[in-house]
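Note that subunit A is present in both complexes that follow, paired respectively with subunit B and with subunit C.
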Partner chain A sequence: MDSIVLYATTLLVFFFVNNILTWGLNIQFGYAGILNFAFIIFMALGAYVTGVFTLPMANGISGQTYVLGVSWPFPLTLLMGGLASAAVGLLVGLIALKRLRSDYMAIVTVAVGVITYDFVGNTTGLFNGWDGLGGVPSPLQDRFSISYGAYQWVFVLLAGVVMLCMWWLAQKIDSSPYGRTLRAIREDQDVAESFGKNTFKYRMSAMIIGCFYAGIAGGLLIEYITAINPSGWTTGETFVIWTALLIGGTGNNWGAALGALLVPVLFQEVTRFLPQVASNPDLIPAMRNVIVGALLITVLWFRPQGIIPERKWRFYDLPLKRGGPAAPTATEGANVAAG
Partner chain B sequence: MLIYLHALGFGLVTASILALASVALTLQFGVTNYVNFAHGELLTFGAYFAWLANSHYGWNIWIALLVGAILTGVLAVIINLIVLQPFTKKGYPVLFMLVVTFGLSLILSNVLLATFGADFQRYTVPPDTQYNIGPFLLTASQLIIIGIAIVTMIGLHVLLNYTKLGKAMRAMSDNPALARNCGIDTELVTNFTWLLTGFLAGLAGVVLALNISSFQPAFGGDFLFVIFAAVILGGIGRPYGAMAGALVIGVVTEIAAIPLSSDYKNDAAFAILVLVLLFRPQGIFASEGKA
Partner chain C sequence: MSQQAEILHVEHVTHAFGGVKAVDDCSFSVPSGKITALIGPNGAGKSTMVNIVSGFYNSQPGSVRFNGDDISRWPPFRRGGSGLIRTFQISRGFGALTVAENMMAPPQRQAGEQLLNAIFRPGLVREQERQIYEKALSLLNTFGLYEKRDEYARNLSGGQKRLLEMARALMAAPKLLLLDEPMAGVNPALAEQLAQHIVELSKTGVTFLLIEHNLGIVDQICDHVIVMASGRALATGTMAQVRANQEVVAAYLGG
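Moving on to the complex of A and B:
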C-alpha cells in the first residue's frame, strides 16, 4: 500500500514539474517563436543552483565538492535556482536574439547545451562534476515530525502551490497585451517592428521568463528526488519536453499541460516497466527516444497545431467604413462568443 | 615552442576533417535553405558504416572509408525523400523544418545506440608510423587525412565552377525560384546535394573517428557545434568560407588545448562562435551574408 502511495505522489510531482517545464518552453516557442534546443540545460542549472543553496558547506565528509553551500531556507533556494537560469537565459539571448534568422538562435542553444554539459561534468569543483549533487535535504522536512509517507503529500502540496503560481503567471501572459505582442512578433517580426514594438526586448523577455520556468521546475525536482547528475539532463530530455508541447498544442497553456500529462508522465512511465535487455541495456531507453523523436515528426506532419490548438483570435471589422463599426453578423458573433 | 608547432600540425589535421564536414553542411544549407541539426548524426553513421565494413568484413580501412561515405550519401538521400522533402513540399516554414531535423537527430543517434550500444568502438588498423615533416610530427594516416581533404576541396572547386550540376547548385543557392524558372530540375539538384552532403559528412565521420581513435553513438552530435562555428565564421551558405573557417577553428582548438587542457579545447570553438555572432554575424569572409 505504501509503495502505491509513494508512486502516486511521485507521479503527481513529476506531472507538476513537467507542467512548469512545458509552460516555460511554450512561452519561448509557442508565443515568441524562439527555438531553444537546450531547454533542459536551464532546468539542470536551476536544479544545481537550488541544490548548492540548500546544501550545507562542502566539508569533505560527504565526498562532494561544490560551490556555495549556504543552507538557505526553502522558497528562497527555489527562487535562486529560477533566477540563475533566467540570468543564463539572458546571456544566451544577448548572443543569439539580435539576429533575425531563427537558425542562429537554435545553433547557439545547441552549442550552449554541449558546452554546459561538458563544463559542468569536467569542472568538479562547481557542482561535483560527473558524479553530480546528492543528499540535498527536502524542504521543511525537519520542521514536520511526520512519517516519510505523509511528508510526500506535504511535498505534493508545496509543488502544487508553486505550479499554481506559475500557471497564474502563464495565463496572465496569455491574455495580456504583452502576450499579444509576442504572438504578433512570432507571426511577423517586421510588421511588429513597424508598429513601434522593440522586438528584441520582447523576445529577450520571453527567453528570460521561459528559462525562469525551467529553473523553478529543476529546483522543485532536486528538492524532491534530492540528487542530480549530468546523465539526467541529456538532449533526449529536451526532446521529451518539445514533443510534449507540440503534441499538446503550442500557444496555449491547456495544450502544454495536456502534453506534459501525455508524454513525460504517461509515455515515459508506462515504458519504464518494460523489461531490461541483458545483452544491450541501452536498447529500451534508446528505442523510447526513437519513438519520442518519431512522435515529434508525426505530430508536426499530421497536426502541427497540436491536440488543443491555439485559439484563433477574431476581431470585428475595423471602423474604416463609413458609419462607424460594422455590426457582426449572427454567425460571426456566435463564433466570437464561442471562440 | 616545439609543442605549439606540433599542435599546429594536429590543427591542420582537425581542420581537414572539419573542412569536409562544414563544406557539406554549408552546401546543403545553401540549396535547401534550412540548417540540418541531424548533420552530426550523418558523421556518426559514416563512422559506423565504415566500422562494419572494416571490423566485421575485414576490409582495409581506406576501402571501408569509401564504403562508409557512399552509404551515408545514400542514407541522406533516403532521409530527404522520406521525411524532409514532403515537409518542404507542403510549405512548412523554416522554424518547423529545424524542429524536424532536431527530431531526426534524436532518432538517428538512438537507432545507433539501440543497434550497437554505448560502447566505444575502434577501427582495425595496422600500427601507424610517425613522420617528421618540417616542424610537424604526424602519422601516416593523418597525412592521408590531409590529402583526402585537399583532393576533395579541389574536386568541389571543379564541381561548383565547371560543371552544369555545380552551377545549378549555386544558382539554387542564390535564388531557388529563379533557378526553377530557368528550367533547373530543383528536386533532382536537391537530391544530388543531399547525396554529396552525406558523402562528405560520411568521409568526415570516418576520418574524425580515425583521428580520435575511438567513437560511440553521440560523437558526431557532440562535434556538431564545432562544425557550426566553422560554417558561421566563414559565412553560412558559402563553401569557400567554410573551408577557411574550418582552417581557423581547427588550428585554434588544437593550439588552445595546450594551455587549457584538452577537456576544454572545444570551448575555444564556442568562444569564436560567440565572438563572430556578436561582432560579425555574416561571417568574416563575406561582404554581405545570407542571414
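Moving on to the complex of A and C:
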C-alpha cells in the first residue's frame, strides 16, 4: 500500500480528532472559563468506553480483560464513549464546580486526572490495565470489501462527518445567547449570578458538553488506531491540547482549529515521521517539546489572546436618534458578527 | 405594614467575620416604590447588608423577606431572578463583552439561553434577541452610551462604567434595585445625572435602596433614610427626621 496515503490519512484523522478535542476544551475554558487540567482523561474514557462497546466479550484468547465487550455497531459505540465522558464530567463538575473557583478547581482537576490514570492502569479488569485495549475493530471495515488503503479514506470521511457535526454544535454555542451567558459568567460570575443566572448550572452544562467532545474525539481515535493504553494519555497530553487552544485563540472555534492544526498535528505528529538522528534518538521528541513551549511563550507574550481571538459581536444598527421606526436591517438576526 | 407597602423586610439579621460582627441583629424595611437610602459611617455594615440581602452572604440567624417571600435561604441567582437586582461597590461587569452584549446578557429566561432552543427554535430566539437588542439600545440611548455600544466594556471610563451598571441592571427588569455606592468616584455633574435617572426610574415603579455617602444627593432624591451604625439600624425616617436624631448625629453626621 502506498505509504504516503497512510501518512496523509493518518494526519487528517489526527487533525479531525484534535479539532474536536480543542473545541471541547474551548467550550469549557474559552466560553465558560473552566480550568480543566484533566481534559485528556475524558478523551481516554471516551476511547476506552468506545473500545469495550466495540470489542467482543473478553474470552481470554486475546489475553485482554475488560468490562462489557458487547460488539455494538459503529455510531452507537462512539456515542456511548461521548456519553460516558459526559457522565464522568458531571461527577467531576459536582466536586469541582459547586464551590471552587479557578485555581482551586484547577488543582482538583489535576488530582482527578492523576487518580483516574492510576486507577485505570491498576484496575486490570476494567480496561486491561497498563497494557490497554488492543485489536478494536475499525468501524464498518468488514462491510467494505476494499483494500486497507482505500478504507483509510472511508474512515477519513466518517471522522470528517463526525467533526462537522461537532463543529456545527460548537458554532451554535458560539453564536447563541447561551454562549453569551457563558462568556458573561466567565467574565464575572458574581455579576451574572446577581442577574438571576444559575451560574453553577451553566458552568456544569459547559463542563458536560466539553467532556462529551473529548469522549467523541477519544472514540474516533481508538476506532482508527484500534488501540489505547495509559501511555497515550499522560498528564502531559492535556497540556498539548491547552497549548493548541491558547496558541490558536480561546473563545473562537476557528482559532481552536488553527491551534489543533499547529500544535498536535504539525508539531506532535509530523515530527514523528521525521528520520531519527541515529546518535541521539531522543533529539526529535525533545526538540518537539522545546518548539511547542517556545511557540506558546511567544504567542502569550506578543498576542495573549491567541492567533485568532474571540470575535467581537456587532449587531445591526437601529435608527434610534434619527427618527423613524426601529427597523432591523437585512441581516435580520441579532447575532450578526461583523468582525 | 402590608406587603404592598414594603417590598423588603430584614429582620434580626446578624453576620460575623471571625469575631467581628459586621451586622448585629439588624432589622429594617424598605417601602415599595420609594427611594430609600442606607447611610452610615464606614464599617457600619452597609455593604455586608447588601451582600446578605442579595444572597452572597448567608445570615444566621435572621430572615430576609422580599415581595412577600422568605428568601433567606435562596441562592443569589434565585433572588436576582425574582427581581431583586444589585450592583457592586466597585464597578464590575463583563469586560470582554461589548457594551451591547453587557446589556443583552441580563434579561431573565431568554429562550436562547437554553441550548436546545438555540438549536431547534432559531426563529423564536432571533425574535427575542431582536426585542432584547432594541430595548438595550433604547436604554443605552437614555444613558448616553449609545455611541459606545460596540466598545468593549473594559474600555469605558469609570463614569461610563457606572452608567452602564445602572442601565444593565434595568435590563433585568428589577423590582428592587440595590445600588452599592452608585456615585462613588463619579464627578458631580454625572452624579447629578445618575440621581435624575434614579428619580425617573422610581416613577416607573422601580424601588431603590441605595447606599450613598453623598448626603446632598440623598437629601435631594430619597424619600426615606435608614441609618446604620455598628451593624445596627440606628434610625429610620426622612432625612430631616434623622438629622434631628441625637444618636445619628453622634454616630455619623457629626456635631
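Note that in this section the second predicted complex is superposed on the first by the 284 of 339 C-alpha atoms of A that agree within 3 Å, B and C clash if a C-alpha of one lies under 4 Å from a C-alpha of the other, contacts with A are read in each partner's own complex, and residues count from 1 in each chain.
Methods note: contacts are C-beta pairs under 8 Å (C-beta built on N, C-alpha and C of every residue); 3 or more make two chains touch, one makes a residue touch a chain.
No experiment lies behind these values; they were computed from the predicted model shown.
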Once the structures are superposed on A, label A:199 by its partner contacts, choosing first (subunit B), second (subunit C), both or neither.
-> second
Have a look at where A:114 lands relative to subunit B and subunit C in the superposition and call it first, second, both or neither.
-> first
Give one of first, second, both or neither to describe whether A:239 is in contact with subunit B, with subunit C, with both, or with none.
-> first
Given the touch rule stated above, what does A:188 touch, subunit B (first), subunit C (second), both, or neither?
-> second
For A:286, is the partner it touches subunit B (first), subunit C (second), both, or none of the two (neither)?
-> first
Which of the two partners, first being subunit B and second being subunit C, lies in contact with A:180: first, second, both, or neither?
-> second
Parts of subunit A lying in touch with subunit B, wherever the complex brings them together | 33, 35, 37, 95-96, 98-104, 106-108, 110-112, 114-115, 118-119, 122, 235-236, 239, 242, 246, 280-283, 286-287, 289-290, 292-294, 296-297, 300-301, 304
Hey, which residues of subunit A end up touching subunit C in the complex?
-> 169, 172-173, 176-178, 180-181, 183-184, 186-188, 190-199, 205, 209, 310, 312-316, 318, 320-321, 326, 328, 332-335
Residues of subunit C touching subunit A in the complex | 54, 56, 75-82, 85-86, 88, 92-98, 100-102, 104-106, 108, 110-115, 118-119, 125-126, 128-130, 132-134, 137-138, 141, 146, 149-150, 152, 172
Residue set of subunit B touching subunit A in the complex reads 34-35, 37, 83, 86-87, 92, 94-96, 98-100, 102-107, 110-111, 113-114, 117-118, 221-222, 224-225, 228-229, 232, 236, 263-264, 266-267, 270, 273-274, 277-278, 281, 291
